[in-house]
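What follows is a pair of complexes built around chain A, which joins chain B in one and chain C in the other.
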Partner chain A sequence: MSYRRLRAIFVKELHHIVRDARSLGLALAMPVLMLMLYGYALSLDVDRIPTLVYDQDQTEASRDLVRQFQGSRFFDIRGFVDNYGAIERGVDRNRILMGLVIPRNYSKHVGAGRTAPVQILLDGSDSNTASIAKGYAESVVRDYSLELRTDMLNRRGGEHSAVPVDARLRVWYNSSLESKNYVVPGLMAVILMIIAAQLTSLTIAREWEMGTMEQLLSTPLRPAEMVLGKMLAYFAVGLTDAAIVVLVGVFVFQVPFRGSVPLLALSTCVFLFGTLFWGIFISTAAKTQLQAYQMGLLSTFLPGLILSGFVWAIESMPKVIQAITYIVPARYFVTIVKGIFLKGAGIRVLWGELAFLALYAAIMFILATRKLSQKLV
Partner chain B sequence: MWERIRVILRKEFIQAFREPRMRWLLFAPPMIQLIVFGFAVNLDVDHARIAWMDMDRTPESRDLRERFEGTGLFDVVALARSEQDVHQLLDRGRVQAVVRVLPGFARDLARGRSTEVQMLVDGTNSNTASLISGYAGEIAAGFASDRMALQQNGRVLARSPGAAANASVPQVVARSRVWFNPDLHSRNYFVPGVVANIIMMVTLMLTTLAIVREKEIGTMEQLMVTPMRPIELMLGKTLPFAAVGLLDATLITSAALLVFRVPLHGSFLLLLFCSLLFLMTSLGAGLLLSTISHTQQQAMMSSFFFSTPAFMLSGFAFPIRNMPLPVQYLSYLNPLRYFIEIVRGIFLKGVGVSVLWPQMAILAVYGAAVLTLSALRFHKKLD
Partner chain C sequence: MNGNGWAVEIEDLVKTFDSFVAVDHVSMQVRKGEILGFLGPNGAGKSTTIRMLCGLLTPTAGRAHVSGFDVGTQPEEIRRTIGYMSQKFSLYDDLTVEENIDFFAGMYSVPRERRAERKDYVLAMANLTERRRALTRTLSGGWKQRLALGCAILHDPPVLFLDEPTSGVDPIARRAFWRLIHDLAETGHTIFVSTHYMDEAEYCHRLALMYRGKVIALGPPAELKRGLTSHSLLHLDSSDPLETMRVLESVAGVLDVAVFGGGLHVVVDDVEATSERVRQALAGRGIEVKRLEQIEPSMEDVFVAMIEAEERKAA
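Moving on, here comes the complex of A and B:
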């Protein structure tokens, strides 16, 4: 391998990147756009659930129960209705998510010390929101029920007793439970994956399509030099993007950064090597830019977004898909980035992931070089 | 005129289907997206991995543990003995939560004093964390409620042995009923959205690229010296991809019904009609992007810049009602938002035109506007 030839192809590729100012601008604007979108728009936190109340009982006891819901920040009582039809229409038109129905003899049951059911109707089309809303609604009712019972017993028994077991919750690492704190670090993996798919995957396919590959072939350039030179040019773009994500994440979104910067930089480089080599491999295998782009998007962006544990927890996936995630490099990178950002984890915890990424990069380099040599002959 | 449109249509179809790899690429991405969103994307939590730290070691504390395991929502995968264990387990992500029963748990219970169970949750994924803490709270409250009934009954009985019947205390229970998706499957929520998403991705990108490729390779000049008029060229370029989009929609709908068993409560014809309304917008946007791009790379990046916000602000994966208000207003500009509402309404709620007409009207207006605008621009560029 010659350093001079490597430099020549690196400089040539840099010229390509810099001259196409639009594409470069888009490549640098993309992390900002993605951060804004995911940071502000991606929130699975549920509160102010729009609710309609159908109170058939209309007594002091039933109004007391409704007050519990009104007092909770998780519910937003949008009004009172007097038939089921109104709740149905509200759900059909997406105006409300929940209906609370208190049956006619509710206060009679409570007064007699019997079990009094209340009905909670939920729009299940968004299953996640619905199951969280269901949890909140049931816990409001449960707490109220416990309170009612202790009250009644204390009055009857004439002595004071408290609710026996109290679950105390403490959340580590992301104590405010804000979506952005886990979204922004994970986003780094997705953005770097897109760079690989959109920029690198086109680089060799373009040379084929435009016919400039023949010109490169007539030079003494070797496959390994071409792969490395092209990769390094895009490496610069990728690293800039990564820096943008970290800076915007920490200073604009105020995501806590608890770990070490050098470790993050090292893992980012290793991850970038792997994905960029993969991009070049696709580019070599594809015949046209369109194919290269499609293949790149399918093999990097989609797994990076979905199978990496970026938003959707890997534990809840079926076993077969969980097995597949082990070969998705983004999975390891997301673990590393979240570990460094939120847990302040060090190399002793993360070395396994890092080793895998290094192995992946090496394999991808060999694959890309071999594919290119095959094509060149 | 129809003769010329027919010719260019034929040319486009031949170009799109000639290569085996291209044929594959037209239909594989929708299938892969469908599989991924149908199987992998899942926000439900079950079998959460927890560690148990029992500092009390009494029958009562073991009873509590049995309750946690008995629900099937939690798997105790580790026993923590010290604070250090707890740190290690959470740092390495081996468990999602640690439940700690403090010493004196049983003693406090017996004396009727309030005692606490500590729950340490890994908040890295806030969604999972809030689901887990909700479940744990429910189990603890159930345990508390049963203990209380037991104790109070005992106390009342001790005081006046004949009054056992009086010991009944009121209880309010919530009976939840979930409409449209009673088992709360994530896939029922995601799969219908994939239909909308795929139609947009496929038509937007293929239209843009089909035109920009001709420009980049230089065959656009050849087309322009033919007697073909711009409107004919435009129709010829967009109709094949409209057909592909509709075909993909049908394909995904069948797969959703047969493979994923997602219910389709509404009318399939209405779904196709609304897809047509939406296609006007996405094909129009594709044309528009093709007039502002010079190379295929630029075209791809521009279409990415168009489709990512459309995807994010559509409510496809992330509910719009959780977003900050300004972003929610922004999402009203997004045509995909209305289409997703329509698709979900038809699939899950089985609603018809009487409910969906506002969304349909907006899509129609949107489509007409975008199509006219891009046609004018396209026309000007060619002259």
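Moving on, here comes the complex of A and C:
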């Protein structure tokens, strides 16, 4: 390994990067764009469920029940109607997800201490959202009926009676249960993987296409020097991307950052090494820049989004798919980034993931160098 | 340098791609300071031979030594001792002149204390001192080509391989380029250069004519021309060249006819007698002879004659 040649390759690649302002701009803007797009679009929160109320009873008691829904941040009462048809039309036109129907003699039943049925209509075409909405609606109704019963008992018995069991829930690490806190750190990892592989995927294919490779091959340059020199130049861009993504996450998405900055920086570097080498490997294997670009995108986008566990829990995947996720580096990086951001996890917890990323980088370096050597002959 | 003093030694070199024989048992020896021209049509095996000598391709059979190093087993040593200019312009367009030079100086690990001197030499040689900060993309063909040559000789390699270095360059730039090649040869550099410009062949010390993977003739340009002197060459301008060709086929003493520019080159064994027969035959067909005289054969005539002889042998 010659330091002179390594440095010459590195400097030359930096010149390419800086001269191609459009690609550089794209490489820096892409992660922000993707983070914004996915960060906002991939919200898994169900709240402010648009609801219409058909109150047939029109009494103090029925209005009290409606107030329970109005008081919850999970429901947004969009209006009151006087027939089923209006609810049906609302669902059909995607204006509402839920209808609340209070029957005519609701207050009579309640007043007499009998069970008073209320009807909740849900748009089940999005089963996930519908089941979450169902849960919220049930809990509002359950709480309210418990309250009514307690009141009634108190009035009847004269002596004070409390709610029998009261669960006090505390959610750790993401206390407000906001999905962005969970999605955004994972997304950062996935975006970095996609971008980093893109950065290097063209670099060797371009040399072949331009005819400069033949010239390089006639010089004493060695494959390892070329792979390392190119990687280091794009590493500068990748690290800038990482910094941008973290800053957007912390300041735009307000994701809490609880862990160590040096640990995040270290893991990001190791992860970038591996992914950049992967891009170079692809570039060496591909015949053209177009092919390299497509292979780069395909090999990072889908595994990154689906198999990294950044949204979809790996534990709930079929066993075969679970096994595949072990070779997706994003899986480990997602764990690291989420751990550092949300739990403040340290090296003692994350060393295993970090070790895998280092191993992956080493393997990718060897693969890229080998592949390049084959072509020298 | 190896004991017997040859800069390049090639012995029965063969390269096949699947069933296609690109280079077919080529052998030759080249002296230090010699300019060896590789002449031949496209696909004759010139580039493949040069690539093998540069260590870019592994020979299928045979052996070759460059500066005493075996091209099959010592590619690393070869790469340090050669300069190579590939057929396609292969510098970085988005780098400046200076950045390209610095990059290749790095590739060849030019020693620190010699770097500035070599760079100045290359800039001066390529006449690019004024434009050292210009993007390479903005240079014209001749300049790019001289810069490419400059980048290939930054480490002062004893042997240079230039694969069609002058294709797509204007005649004045080509002449300037050949002057550089001669300067390099005079300072002891051995130069392999392939071309398909026949006029350039005359600039070489020795020529290797390649055809279908074989070297069909090897020698100094003058000697190759003398090889034709058992026959003589006539230049013939007539009012109808195509019809003339047909007529000449049946004239006794005419060995060969080839189109050359607007006229014809006719190979004959006896100038006087055959000229007379040609005039008579053409007059009989009503074709006017504008010019008919003996000429000195050009490299192209030699080349065409050799290839035709080769084809007759094969048939």
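Keep in mind that, in the parts below, the second predicted complex is superposed on the first by the 332 of 377 C-alpha atoms of A that agree within 3 Å, B and C clash if a C-alpha of one lies under 4 Å from a C-alpha of the other, contacts with A are read in each partner's own complex, and residues count from 1 in each chain.
The rule we apply is simple: a contact is a pair of C-beta atoms (placed from the backbone, for glycine too) under 8 Å apart; a residue touches a chain by one contact, two chains touch by 3 or more.
Since the structure is predicted, the reported quantities are computational estimates derived from the model, not experimental observations.
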Partners on chain A (chain B, chain C) - clash or fit: fit
Partner chain in contact with A:T150 - chain B first, chain C second, else both or neither: first
Touched partner set for A:G211, first chain B, second chain C, both or neither: second
Which superposed partner A:Y182 touches (first chain B, second chain C, both, neither): first
Touching partner for A:L65 - first (chain B), second (chain C), both, neither: first
More chain A residues in contact [chain B versus chain C]: B
Touching partner for A:D20 - first (chain B), second (chain C), both, neither: both
Gap in Å between nearest CA atoms once chain C and chain B share a frame through chain A: 13
Footprint overlap on chain A, where chain B in one structure and chain C in the other make contact: 20
Residue ranges of chain C in contact with chain A within the complex: 54-58, 75-76, 79-80, 82, 84, 86, 88-95, 99, 102-109
Complex contact set, residues of chain A against chain C: 2, 4-5, 7-9, 11-12, 15-16, 19-20, 210-212, 214-221, 376-377
Touching residues (chain side chain B, partner chain A) in the complex: 19, 21-22, 25, 28-29, 32-33, 36-37, 39-49, 90-93, 96, 109, 112-131, 133-138, 140-141, 143-145, 147-149, 151-152, 155-156, 159, 166, 168-182, 184-186, 188-189, 209, 213, 217, 295-298, 300-302, 304-305, 308-309, 312-313, 317-319, 321-324, 327, 341, 344-345, 348-349, 351, 355
Of all residues in chain A, those that touch chain B in their complex: 20, 22-23, 26-27, 29-30, 33-34, 37-38, 40-46, 50, 65, 91-94, 109-132, 134-139, 141-146, 148-150, 152-153, 156-157, 161-175, 177-179, 181-182, 194, 198-199, 202, 206, 209, 286-287, 289-291, 293-295, 297-298, 302, 306-307, 311-313, 315-318, 320-321, 335, 338-339, 342-343, 345, 349
